[in-house]
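The structures considered in this document are given below.
Heads up, the next two complexes both have subunit A, just with different partners, subunit B and then subunit C.
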Partner chain A sequence: MNALLSEAQRDALQELMNISMGQAANALARLIETRITLSIPRIVAATPSEFAALLSQHEENWFTRQSFMGKVNGEALTQLTKEGCEALAVAMDYDVPLSDASRKELVLELANILAGACLTGFSEQLDLATKLSMPTLYVPTVNSGEQVVEYFRWTSTLLLEVEFSVDASLFDSKVIICLEQRSVQTLLASINELLE
Partner chain B sequence: MISPAVFTHVVKKLPLGICILDTDFTIRYFNDFFISRLTLNAPAIGSNILDLFPEQARFLKKKLTSAVVLNNSSFSYWEHRPHIFQFNSSRPITGEETLMYQNLEIVPLDIEDDQVKTLCLILQDVTEQASYLQSQKQLAAQLETQYHEQAALLKQLKTTQAQLLHADKMASIGQLAAGMAHEINNPLGFINSNLQSLNDYLNTLVKALTFSEKLIQKTEDSALHRLQQDYFSRAKITFITEDAPELLHESLDGIRRVSRIIQNLKIFSHVDDTHWQLCDLRDIIDSTLTMLSNDLRHNVTLHIEYADDLPLLQCQPIQLNQVLLHILNNAVQAISQKGDIWIQVTVQAEQLHVTIRDNGCGIAPAVLPKVFEPFFTTKAVGQGSGLGLSMAYNVIKQHQGHISLSSEQGQGTTITLDLPLQPKLPVADVDRLTHER
Partner chain C sequence: MAIPVTIADDSALSRKMIRRALPAHWDAEISEATNGREAILAVEAGKADVLFLDLQMPEMDGYQVLQTLKDHHEKTVVIVISADIQPEAVALVNSLGAFRFLKKPLVASELQQTLTEVGLL
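Coming up: the complex of A and B.
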């Protein structure tokens, strides 16, 4: 299924992600002084329909998106459970109860921290400097179905998926780093260098 | 090769606020964007940014710490935090806004061994976009409100149209009833008087027969007597003389009933009549009950209780008829199987106090506040006009009275009317009344 990657490439990338995500989780844990659990990163090549399916649960979740540009380009999507965000408000030094504006601010800040940590770790390990732009809230309008293929301008993308959860709270989130098609080649070249 | 001085100059002149900070948040550099907007007595370079902007210290500290600890840019967006730095609007003359709208980005600048050494604060003036977006949002909200208002209006129009059609139908039926009442009334009149005459004639005839029978007996002619007996027995004269008055009596009673129905039909087809007069409320209630007698007969037991010596009421009898008809009709419709309706009239402090209670299905609490609203009905479209109780409310108001309703779902509904015996009439009506007297 991972036609874009060979087995060896995937293993190497997986190892790199494990290290960098661990660092990201540590940094975040230090900031909010809470223990954070993270999943084993999932690396998968996705078609537009598979990608759209990831965005289908926008009733229970917030979605944010932010682009990154540099040696590799793409977008980082962050999915955060609506209930869980509220639980972190106090830890993030927000006044509760949250106003509508401060709730969005909190969501974007959390998303930026998680996506930033993931991307920094990943790009430093592979020496692929890239810069993350300002996050915005994203309300996906495409559902799975036939129009999905026409909606997106690409046919295949590489997704790096990591899940974060905070112990003893409902907070649950997922960062998906989506690489542009050309950047996948850049990434592969970097991995190949490491493998040689 | 461009010299570093040129870059310094460019940064100085950038249309963005650039501020470079140590990790303890001491200001190392401000570009012109900041300097020209700050009104400071002491030089800013070398001071702590948190001291310089104490109002935003908590927020800035959080964002700056996050950038240092995580080695990751942090952002702030105008929509959530419009004015981090209290700078005046960039449009002091033409703009409606007084303060500058800002987007902020804090970027880790120098990093040594994964440790952030300096931070760069980039401030963007987005007053123009913010203003535009806000006015767009206002417009969208306005449009949405208007859309909902129009949708509600359209719905109301449709309901009103249906109700008007219903009212129109009712008016046609009223007209038809009035016409019929008029047409039936004429033949009814002569049938009635003919029956009366026939009754008189019959009495005379019976008397004549008795007389002739006695005459024959007096002649002591046994043959004649037998002939008469034989004839009477064959023609069943005895039976006829007994039965005929009964038949006529029944017919006259029938005619009286038909007349009363026609009379009521005439009353109810003149619903516009607002004539004020002194009436006995019992008569008004009785005539309403006659109208409903068909509906009442089958499943409803009536309990009527009038106080002794009820005084006369100054009122518009036809209008009160209508009010009672609507109330009683609702009560009847609320009773699906078998039930009771209690009507009680008492006198309390120069007022007639009328209570009409049923033990029908009652009214749902959610619906209760709306029952007096015009065009509100829970009946299917075309079944009820939704005007009954609202009309009742208006009529009782015209009588300077009070109508109230209490109901418990599944238990029944009680309507009470308080009617002053002598309401103050509108001037026009007083004129008419004195004129008529």
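Coming up: the complex of A and C.
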């Protein structure tokens, strides 16, 4: 399933993300005063075709993208279900239906919290300091056959999938971390040190 | 005599981190469990006077382990070490009789202070 990572490396990365996501959920839970159920993160190395398939789900989801630079470089894409965003907006006392401006604000805020948590996992626990830029909304470009035609330069894509659920309404989110080849080596070296 | 201690966590990394955080001179006989069911078996086998317990685990989670220990009036000292640090999780764990709630990433000095408070160091 996963040629990029050994089982020990995958376990380590998953646990680091789990800890970071726990911190993000706690911040969010205090904000909306509701308990947030968090799934154990799923970590896979995505192939370009799997990555394109993921982006093709843009009817049901919002996507954001933001770059990060430092000891590891790359880009974080966050996918949030449209339905879940509305449910969360209610919990956060937004007026619904959301105006375009409020929706954008909410989506970017949530994406920043989630992607920020993933990067914090790298920075604080692996000593790989990175700076994350602000997110922007992103709509994948599709051709007449509804195929995603976006060209991505990322060859190594780590897909970190986390589900948040708020109250009874399922709020699904995924954070996708795309790393430069050299950064993948840096990341694995740090994980190996931790595993020694 | 060595104190029987069990570390229950499904992540190999976390089990390793807990081992590393323990004081080097502590005379403990350490066993490991990778899910709640194994943790209960360790308690029943007398391998866990002290149980370091994760909450999110397959088969049987940490809350179920705490409930089972409470129902059976087990004397095990449970120290929860969790990535879920939301107020409700802390409150629930305390109500189920855990001795202490420690947040991940685990800080060695906090763990050692906790062990001192239980009178184990």
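Annotations
Please note the rule applied: the second predicted complex is superposed on the first by the 174 of 196 C-alpha atoms of A that agree within 3 Å, B and C clash if a C-alpha of one lies under 4 Å from a C-alpha of the other, contacts with A are read in each partner's own complex, and residues count from 1 in each chain.
Quick note on the criterion: a residue touches a chain if its C-beta (ideal position, glycine included) is under 8 Å from a C-beta of that chain, and two chains touch if they have at least 3 such contacts.
Note that the coordinates shown come from a computational prediction; the quantities given were computed from them, not determined experimentally.
Of the two partner chains placed by superposition, only subunit B is touched by A:P135; subunit C is not. When both complexes are overlaid on chain A, the residue A:L38 reaches subunit C alone and has no touch with subunit B.
Touch criterion met: A:E109 reaches subunit B, while subunit C stays clear of it. Of the two partner chains placed by the overlay, subunit B and subunit C both lie in contact with A:R30.
With both structures placed on the common chain, the touch criterion links A:N18 to subunit C but leaves subunit B unconnected. Shared-chain residue A:L194: touches subunit C; no touch with subunit B.
In the superposition on chain A, contact of A:M69 is made with neither subunit B nor subunit C.
After overlaying the two complexes on the shared chain, residue contacts for A:V90 are found with neither subunit B nor subunit C. Annotation: subunit A residues 30 touch subunit B in one complex and subunit C in the other.
Of all residues in subunit C, only 11-14, 16, 56, 82-88, 104-105 touch subunit A in the complex they form. Across the complex, subunit A meets subunit C through its residues 8, 11-12, 14-16, 18-19, 21-23, 25-26, 29-30, 35-36, 38, 40, 124-125, 194-195.
Taken in their complex, subunit B has these residues touching subunit A: 58, 62, 65-66, 69-77, 79-81, 103, 105. Across the interface of their complex, subunit B is touched by residues 27-28, 30-31, 92-93, 101-102, 104-105, 108-109, 112-113, 116-117, 120, 131-132, 134-136 of subunit A.
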